[in-house]
Amino acid sequence: MKFKSLALAATVTAVGLGALATAPAAFAQAKEQFFPLLAYRTGPYAPNGTPWANGKQDYIKMINARDGGINGVKITFEECETGYATDKGVECYERLKGRPGVTLIDPQATGITFALTDKVAADKIPLLTLGYGLSASQDGNVFKWNFPLMGSYWTAADMLIQHIGKKEGGLDKLKGKKIALVYHDSPFGKEPMPLLDERSKMHGFELQKIPVTAPGVEQKSAWLQVRQSKPDYVLLWGWGVMNSTALKEAQATGYPRDKMYGVWWAGAEPDVKDVGEGAKGYNALNLNTSGQSPKVIQDILKLVHDKGQGTGPKEEVGTVLYTRGLIIQMLGVEAVRRAQERYGKGKVMTGEQVRWGLENLALDQKKLDALGFSGVMRPLSTSCQDHMGSTWARVHTWDGAKWAFSSDWLQADEQIIKPMVTAAADKYAAEKKLTRRTPADCQS
Amino acid sequence: MGFFLETLFGGLMVGMLYSLIALGFVLIYKASGVFNFAQGAMVLFAALAMARFYEWFPKWFGFENKILANVLAFAGAVLVMVVVAWLIERLVLRKLVNQEHITLLMATLGITYFLEGFGQTLFGSDIYKIDIGMPKDPIFVLEGMFQGGVLINKEDLYAAAIAAVLVALLALFFQKTATGRALRAVADDHQAAQSIGIPLGRIWIIVWSVAGFVALVAGVIWGSKLGVQFSLSLVALKALPVVILGGLTSVPGAIIGGLIIGVGEKLSEIYIGPMFGGGIEIWFAYVLALVFLLFRPQGLFGEKIIDRV
Amino acid sequence: MATRKIGEVILDVKNISLRFGGVKALTDISFDVREHEVRAIIGPNGAGKSSMLNCINGVYAPQEGSISFRGQTFSHMNSRQVAEMGVARTFQNLALFKGMSVLDNIMTGRNLKMKSNLFQQAIRWGAAEREETAQRQHVERIIDFLEIQPYRKTAVGKMPYGLQKRVDLGRALAMDPQVLLLDEPMAGMNVEEKQDMSRFILDVNDEFGTTIVLIEHDMGVVMDISDRVVVLDYGKKIGDGTPADVRQNPDVISAYLGTSH
Amino acid sequence: MLYRENGQFKSSYRSDQQIFPILQDRIAIGLLLAVAFVAIPLLSSEYLMRAIFVPFLILSLAALGLNILVGYCGQISLGTGAFMAIGAYAAYNFQARIPGMPLVFSLLLGGLCSTAVGVLFGIPSLRIKGLYLAVATLAAQFFTDWAFLRIKWFTNDSSSGSVSVAGLNVFGIPIESPVQKYLLCLGFLVVFALLAKNLVRGAIGREWMAIRDMDVAAAVIGIRPVYAKLTAFAVSSFIVGVAGGLWGFVHLGSWEPAAFNIDRSFQLLFMVIIGGLGSIMGSFFGAAFIVVLPIVLDGLPYWFGIPIDTALASHLTFMIFGALIVFFLIVEPHGIARLWSTAKEKLRLWPFPH
């Protein structure tokens, strides 16, 4: 018996090490553009992580099927399960970064982003963190390899305050008001605080910070506090199961849902669908539309799902996070395309070249329409200094059955964000003993 | 004052749910000397089964009636938990008889992983809904006494009621039925129980089934409050201080402990938390339990240990 | 036995009473132990013999009474102090360190003698190493004395019962005790084993002049090897004196009627 | 006939008290070290280095520390993650606040801080035993999780509460490349393993085991439970703390409290129990098992070119992992280390069964 199991242990390890040794073996010159996909389809965050990951995969499949890749360069990918855990994420990154033709990394988690920020700089692989990650990394002069495209937690918080201000009839009306931030007790949840503090100083509203211990299954006391202090508005900074729980507790403690505003990670179908009517009136930011009407989604349905190659269930296509996945993947692909314009069409781009592509994205309305993203998102153009490219978003509201936009496009306020970003970036540069990039470096 | 009462009620309600999970721990520990870490995973597993059966059965058997669906789903889930109990006894406990506590503890941690993986493979890892028609909106009482009244959550009341009924049933089961008495005998002394011809194996299956049933009830209540999702298995960690505080071997301990922890947690978070920037309830529960232990190392109702040499 | 002379009172137990909640384990027990003698405590099961030793060891704290050792009087003992004063102990139901080898078990008995600190031990250089070796030599002598050389490196859990009893004795001897408390050293042994064990006990008493306090059921053995006997029954002292006296004592006889084995 | 101790007679107790009394063992260890220090750095790919070996070494170190507490002193702990966190954050603060602080010193000081806290949370162990004690360690776990999120000072006022380090170097030698990181961790591990081994085979080790096996008897012999237990907590949390520092500084480079959450504590407990309680070797076996197995499991489908959905793969990983743990406990409750020594016993007798 003992021997049997000893043998088994031996084989397990043997197979393991063998496999490990061969796994990342160096291949020949890359023929294909490789996208490592970090995802989480298990654990507390799976309900939100899954559609996101599916969107990214479907877009790649569609591009290969429709255009045969990027100017003829096929796209390959491999997914690695992180379970939203930092160390697992790092392992996935190390596992996949060595692949030939590796393009860029979208870790899908703020924690992993923090851990990878230094590593990618050393490995020369761009880090694409659309709408999350380090707010300061908008400053391309310091964060050469980070790309928080389309928004950070600071821009999000800023837009929410502006929107609430509008509702009240002017930011000055916020004076004396009370706004509670119910946040996921982690870097993700704490990132918006500096900006909110700034804004509360400016407009004289009281900011109450109520942490929710991750993953956020038990929120009774958080919402009892809300009930106690009766804030005029609640900002919900949640992710995964925390969001739906928050809405249920809000209902249970009778806090009006229409006074609740979520970040764009707290405004998707998984967050509200099993709350249903209970979430009626709840608002959240959104970077993109949802629905199956856009051309790109039609293409996906036609070329991927109808061929039975869909990654997820068909009805999931076009949901909020799925569509965000599409956008992220599209931006990655377009970055490669942009890079090819400079470094040679039909070639496989290296991480460095893709980085340049990301830094010089220029997606105007025309381009977006051509890509089938008309109406799905705002145009965006990045630069050496600005790695965000667009600071626009809209508020949408859950009517009990579906999300519907309830505001026009909002834009974060340069005047406030910029100095904060620069300051934070400088602090970071000082800690890491980095120097800001020279204009010359921007050309590279 | 009104708000204090609300917090108190809130704490009691949450405490009741903790007690339910703690109950599972205690039952198993009493009967098989196993500190069953898998209790949380069992809650998740049972709740997943219930939630999915509720979706599937109507599809499979083609009927509409929600109540029927709920009943069948519940029955199905009970069956599942019995099977789980049976498998655990056959494949794990039986093979680990007379091992040290820590070995058994690890085994249940293994079971935890397995159940979490298996549950999500079988039933999926999305958020699922258990709808047993619990009212979601709050009611206000004592409006005369306090302005604004005292908010009470109907759902919590029902939950508490269900929990109470369950506990009563268990009490009856243990006091009145032959099996129950056998279980108590086993709890007191394995060898003795065996020597008077009580088959341990069967007893264990029964206990684990009962624990599975308790897990299911807990899962249904939590699930209908929070939705069924992986994180449900984490509530086990909330029940841990409860078991320790109440005493590993005491059913009343589990219940009283649950209430103490529930209330202590909420009051601390509301009234002390803000001074420290909040989020203290999780560790406060443990520290609370710890302080109790320093005065009664065997927990509130646990048996006293005398060193014999 | 003639060779050794009984000395002064070394251990004096006065009016000890011990209760667990309501249960009275010991009531007003007094007796003394003289240097170099073999003192037996006998009595039926549950008479409180082991509890008595536990009080002397400081495992239990008696509610009343006092214990004096070489003139120093304590209301209750502290295990560490007792050990430092040179009182060693074997246990009724083997309290050996099951996970450790015979060697380590007995070495543990020498720990009080070892002075090197954590860091010296961690580096295990000079002092620590020398100390280990020195103590090891001493332990080896005990191993030879108890004739368990072949088992040095085996884990005690795996050894036959009789030998485990020896290891238990060895661990106590390793402390070079002045007083040795033996709790049923021969329980569950066959005749030869008992003979060996009594031989060991007497040798210890002779060679090292160790005072011995002995709990034993086997009246035969007790009467053979002990100088004086205390008899307990239901936590009370019902007799005290030489084996001869005790044999005559009516209370003792009634207490032991039928239970003599 | 290869593995025999016949004819190797010990002429002095000293030689009998060596770490590896048997010649073949000494040779084996020599080879092992040679492989570890020379062969692996030369041969293995960057991925193996960064993603397997470095975590393996660091977690072995942590498991080693935990094993002293749980395996040798018998005090169960579910709060190992907390002590890693303390080590990491303390080291970070020494590094960030004291200019020119050498990395190694920061790490060791971090270990000392964790020692202090470890002793503090060890005090209940004097009164509370067994599973009840677990709650004390869990209290430590959740408290530190919270403290490092909430108390800005610990994280040098970073708005997000996550900290990061850069430009590591050991007395001038930079710690950038995987090989350098690997060697640094290996160095720590070897040194601490040696020291730990010395402790457990010395007087203090015997005290710990005595307390573990039969605390009353130990007390009667004159062992002070206070001293034994608290030293165990101290030594254990020191090693664990240093491991935590390495995990943060060398492996992650940038981390948040979640990197040391309760899952980490469980993972480490798994390691020591699967590997073997009360065995230094076991800590390594356990770490290897727990680190490599999941990676192998969710990698296998790709390497054998079986297309399998990620979710399913990782669910299967969970299941197989859990099943294997139960399997091992059933086959050998005393862990891989015991299997190993049984195998060695068999090898001694080989080719003659008796």
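Chains: A, B, C and D, in written order; residue numbering restarts at 1 for each.
Throughout what follows, contacts are C-beta pairs under 8 Å (C-beta built on N, C-alpha and C of every residue); 3 or more make two chains touch, one makes a residue touch a chain.
Worth saying up front: this structure is predicted, and the values here are computed from it rather than measured.
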| item | value |
| --- | --- |
| More contacts between chains, A-D or A-B | A-D |
| Farthest chain (mean CA position) relative to chain D | C |
| Distance from the mean Cα position of chain C to that of chain B, given in whole angstrom | 49 |
| Euclidean distance of C-alpha centroids - chain A vs chain D, Å | 35 |
| Computed distance of Cα centres, chain D from chain C, in Å | 40 |
| For chain D, residues contacting two or more additional chains | 146, 149-150, 216-217, 220, 311, 314-315, 318, 324 |
| Per-residue multi-chain contacts in chain B, two or more chains | 120, 125, 277-279, 282, 307, 309 |
| Multi-chain contact sites of chain C, meaning residues that touch two or more partners | 59, 91, 95 |
| Residues of chain D that touch chain B when the two form their complex | 70, 76, 124, 127-132, 134-136, 138-139, 142-143, 145-146, 149-150, 215-217, 220, 262, 266, 269-270, 273-274, 277, 311-312, 314-326, 329-330, 333 |
| Parts of chain D lying in touch with chain C, wherever the complex brings them together | 12-14, 17, 195, 198-199, 202-204, 206-207, 209-210, 212-214, 216-224, 231, 235, 278 |
| Interfacial residue positions of chain A with respect to chain D in the complex | 1-6, 9, 12-13, 15-17, 19-25, 39, 41-42, 46, 50, 53, 78-81, 83, 85-87, 90-91, 94-95, 98, 110-111, 114-115, 117-119, 122, 134, 185-188, 190-191, 193-194, 211, 213-214, 424, 431-433 |
| List of chain A residues in touch with chain B within their complex | 41-44, 46-47, 50, 185, 209-213, 215-218, 220-222, 224-225, 227-228, 240-241, 244-245, 248, 251-254, 270, 273-275, 278 |
| Chain D partner contacts - residues on chain C that touch it in the complex | 57-59, 79-80, 82-84, 88-89, 91, 95-100, 104, 107-109, 111-112, 114, 116, 118, 121-124, 128-129, 131-133, 136-137, 140, 171, 175 |
